[in-house]
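After this come two complexes, each holding subunit A, first together with subunit B and then together with subunit C.
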Partner chain A sequence: MLQDYPKPTLAVYKFTSCDGCQLAFLNAGVALLELTNLITIIHFAEAGFVAPTQAVDIAFVEGSISTLDEITRIQQIRAQSNYLITIGACATAGGIQALRNFAGSNNWLKDIYATSDTIDSLKTSYPISHYVKVDTELWGCPVNTAQVMVAIRSLLFNAAPQVKRDSVCMDCKRRGRVCILVSQQQSCMGPVTQTGCGSLCPGLNRACYGCYGPSENPNTQSLGAAFKKLGLSDVDVARQFHHINNQAPAFHQAGNRFKTIPIWVA
Partner chain B sequence: MKKTFLKHEHFQQLLDALKEAGFACIGPQVRDGAIIYDTLTTSTQLPWGLRDFQEPGSYRLEKTAEYKAFSWANGPQALKPYLFKAEETLWRVKRDEAGKFIFEAEYAKAPAIAFIGARACDLAALAIQDKVFIEAKQIDIRYQQRRESLLIIAVNCTYASKNCFCVSAGTGPKVNHAYDLVLTEVDQGFVVQSGSERGAAILAKLTLTPASLLQIQQGALEIQQAANMQSKKIPFNNTRALGLALMNKLDHPRWLDVAERCLSCGNCTLVCPTCFCHSERDKPSLEATSSEHVREWDSCFTKGHSYITGKVIRPDTQSRYRQWLTHKVATWFEQFDVSGCVGCGRCITWCPVGIDLTEELSAMVEDFHET
Partner chain C sequence: MTTIHVPILARIEGEGALELTIRDQHIISLSLKIYEPPRLFEKFLEGRHYSELLDIVARICGICPVAYQMSAVHALEQCFGVLINPWVRMMRRLFYCGEWLESHSMHIHFLALPDFLGFPSALEMAKVYPIQLQQGLMLQALGNEVISFLGGRSVHPVGACVGGFYKAPSLIAAKKLLEKIKKSLFLAEALIHFTARLPLANNSHDFCSVALSHPTEYPFNEGSIKTTSDLSLDIKQFDQYFSEYQVAYSNALHCTLQGKNYLVGPLACININHQQLPEETRKLMKDLDLTFPSFNMFDSIIARALEIHFCLLEAIRILEGYFYPECAKVEVTPRAGIGYGCSEAPRGLLWHAYQLDENGMIQSARLVPPTSQNQARIEADLKQSLTQFGLNKSEDALRTYSEMLIRNYDPCISCSTHFLTLNLNRQ
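Now for the complex of A and B:
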């Protein structure tokens, strides 16, 4: 821990993102007050703390790297941080904006903006780990308060946070939810998606869309084949994987595979 | 014990009598397109006139012509979640003012349960879970508390789904484990029999008539029909011979074949009424002034299940699937003197890709002959 402060220090940095993951802190309620008894917040612009270049013990990073300036900034943050945790799909897997990695971003710019001269962005959106070493990844779109608080508590005990990567199905079964894939034939991503959300969508009778990223040992090929039996086309199956976590290797490869499978496959 | 007859319209009396005797009634009802067990306060909540149609990876309910309450086979769960909780605090710890740790054990809190609609396979599974949690060296106190107060109202099956194979597993469709009351549904009502003093005391409060010979015969016939409906079979009738055969097939290419289909999602193990694996973790409060030690359902399909001192012993699906199946029908005998499979078919129905353990077993042991 840094010596200048009596308590460990914490910062939350934002890159290309919607800011939603930062709400895991801001919506924490009483836990946020307890947290400020345990740590000193150095930088967290959305909460009013601004010291972007100050050294820090625990750095939470939200957002993906999608501009040149962001590459420099994440390297600076890595250099000034003891322990770096990415929060959310953008920081951990490049986010929904990484769909541009599959397309010509220059064409998109021309279509959307009157002139692209004022736009300074990379052709790609990549996760933080593409540029610097990440100590712990917290998945989710967005992450929730429990995830960040458990990670902080663990670090305060001087232990690396343990992130379970079992399937969402495990959570559905523990909560007594009826499987919507089996009983309603919904194309639910739960069997290949990492736990952590509390099986939120299946609990509301809606198929999981994989926002917590791939589970530890995902069989995307078999689940994709099952989706096809439910009537999805190869393109539909590819889109299931090329969604919020499209750059997570397991989903990236699965999407590419189904994209290129000819339609006539039985 | 003599057989009596309870009319459909008098089923509510049973619920009322159980309530009066201090039990919380848990019984079958429809939720989200499946038959699940939850608090039952009125007999109208029962799945009247509904039947489940199950296939590998598929479950749907349909209306039947008959107006019966138990003309279905099963749903995703039955007794297991009521005795072996999906998540449960085992103990708590906090610091007193001097900073000393104070530990506190956690006991079962729920009121005594009357479980209505336990099937033959469910009770066979319960007998196995009893071996795991209360007949072992280490007794699970919370399970024991709930088990001892449990009142069982069993129902003989009069229908079998396409995934049922209790006949070949040797567990049903007629209930052959201890119960307090057992019902067999026939036209207009139930043939009822008590199996304990507690059950007889409940029966004494109901409007009953002696069961006619016709009703008793119809009941027996319906149970026989449920047996005849079953097309699936587990090889070697679920005996030690199956385990022996399977343990000779640890290198069979089918393990790789099934691993290509298996999602490693853990659904089969969590719907299995005998699977008992769990993991434990600590939930410290943010300020670290207290903590709870929590146990939750785990599965041999997770990475954590085989993690031992820095190494994951079963890192791939092939080794995990093999662990599940060989334990279930082979090494289970060494551990508990019985097969871990009760033939309920839940692992087949609730597998999102419809892997059928009876087919997998058949493929692996088809050429194996007892010597």
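Now for the complex of A and C:
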């Protein structure tokens, strides 16, 4: 922590995103007011604080890198930040907009804009870690208030935040939920998806769709094979992995495998 | 010659900037730049299965995911010929109440109110007006709770599906929520009184309001597109009257109605639909001498407060009649065709169209969000209002006033950055 400030400083920076992860702060209610007693917010445009180039202790980054300008900006933010935390699927895995990486988005731009050369847009959308060092990655689309507040609390105690990487599947077992995959034959991503949401989807009687990204040691091949036994085609299975977190290495590779070669042999 | 550049607009959702050039007391150029990078949703929706659509379009906007899900679900159901049951219809209205509550109260106390009271941020404002911020946070939290009641969580909720909802909430949960909303009604009443007493300047313009309208209720999911110029259109006719075009300085397309700018959002909606508001809300309006239609853009904050009151009353009405349904969703069989969906998002009309094949795979998608519709109106407002304000004012004063004018529209720039395929032969 910088010692010059009476309180540690915090900033929230936005890149290519939907603004949903910043709501982990803006929806925090009374906790947000308490937070401002512990830290000083120096940049958080949506909340009314604008100081984009000021040095900061804790930098939260929302959004992926999808323009040339954003590459420059993230490098500057890295240089001015003590501890950099990505929040959400965009900042941590490139976001759903990284589906363009499979297509070559220049054609997509031309389909949408009459004059696409006035638009600053790269052919790719990549996570923050593709360009600069990231100290902690908080997964989830979106991250929730608890994840963010726990991380800040840890840092205020001078400890690196711990991120749980076990699966939604384990969370379901702990909560005593009936398995969606086994009992309803739905293609649930819970066995390979990181916990953190509270196994929301199985709790609502539907299959997990992987919005918290890959868990530790995910067996994507075995799960994909199980999905095929339920009647999904290889392309259907690939689409499950190439979804919200399509650039997270485990899901990216799994999707590619099912899309290109039918691997499963019974 | 003065050039004023506001590189980052604070207290708005998403990223925008303003450039203004003044020569000899005249505005030479004014551009609201939306530089939020495009995410190209309409392209990567192609080839996805209809069952994935609601989870994907939610990601367009973290502040109004329910609106995107609702416009999309109605488009799909129209295409497939799905008839939802009355329980689903009621729950969708309740779901939407939650989003208006959350979004409107966030706009009022985090984004707009600091302008009217002269503070740089809501947290600064809280030092002088702690009650106002706390009550606003309570309403926002209540909105989030209503969304979570049906959606599991408030940002990118997971409960809605084509045909209805994945799971019906329990009677106990409904009862608890109802009690909480009843206890919160006084907050909305206090908010209306507070906003009605704000010393709002007269920022009246001659503009056309556009909103969804329904014969018997204040609009959320269903109705026709109505305007204060007396048009009434089926949502399928959107393209015949509205057109979109690209401007070089912005990543969001502009949209006009028969060649003219127009307003969407709470003020437009209340201008058209104020007679559908509940009696209790209309009584408050009468007591406080609040009359609509209003063409003073600053009345938007009052329109939001009134809609918050309506949402609480509507949620109470729905929850008082809550029952556990036999089926939380109806059967869906995909078929090929085109489906249109239009709902009244917290920021105004949100129009979707999808083409699907017989297996329910999306062939093409078109989405027209509220902020791109309001862009031309915002620029017209700025030109007129800044001239009235006095172009000889200091750069700081002009900048602050411009920011206030823009924020008053609650532009949601993250959702204004996906665009339509331009049809150049449209005329």
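To be clear about the criterion, the second predicted complex is superposed on the first by the 259 of 266 C-alpha atoms of A that agree within 3 Å, B and C clash if a C-alpha of one lies under 4 Å from a C-alpha of the other, contacts with A are read in each partner's own complex, and residues count from 1 in each chain.
Rule of thumb we're sticking to: contacts are C-beta pairs under 8 Å (C-beta built on N, C-alpha and C of every residue); 3 or more make two chains touch, one makes a residue touch a chain.
In this text, all values refer to a predicted model and were calculated from it rather than measured experimentally.
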item: Touched partner set for A:Leu99, first subunit B, second subunit C, both or neither; value: second
item: Which of subunit B and subunit C A:Thr67 touches, first, second, both or neither; value: second
item: Subunit B versus subunit C as contact partner of A:Arg175, first or second or both or neither; value: first
item: First (subunit B), second (subunit C), both or neither touched by A:Ser129; value: neither
item: Subunit C versus subunit B, contacts on subunit A by residue; value: C
item: Touched partner set for A:Asn205, first subunit B, second subunit C, both or neither; value: both
item: First, second, both or neither for A:Asp166, with subunit B first and subunit C second; value: first
item: First, second, both or neither for A:Gln253, with subunit B first and subunit C second; value: neither
item: Which of subunit B and subunit C A:Thr40 touches, first, second, both or neither; value: neither
item: Subunit A positions touched by subunit B in one structure and by subunit C in the second; value: 205
item: Touch list for subunit A against partner subunit B, complex; value: 31, 34-35, 37-38, 149, 152-153, 156-157, 164-167, 169-170, 173-185, 188, 190-192, 205, 215-219, 221-223, 225-226
item: Subunit C residues within the subunit A interface of the complex; value: 8-15, 35-44, 48-49, 52, 55-56, 59-63, 65, 102, 106, 110, 114, 120-124, 126, 133-134, 137-138, 140-141, 144, 152-156, 158-159, 161, 166-167, 245-246, 248-249, 251, 412, 414-415, 419-422, 424
item: Touch list for subunit A against partner subunit C, complex; value: 14-23, 26-27, 29-30, 32-33, 36, 41, 45-50, 52, 66-67, 70, 95-97, 99-100, 103, 105, 108-109, 111-115, 118-121, 125, 141-142, 144, 197, 200-201, 203-206, 209, 211, 236, 239, 243-244
item: Subunit A partner contacts - residues on subunit B that touch it in the complex; value: 31-34, 36, 57-60, 75-77, 81, 86-87, 260-267, 270-271, 284, 286-288, 296-299, 301-304, 315-317, 320, 349-350, 352-353
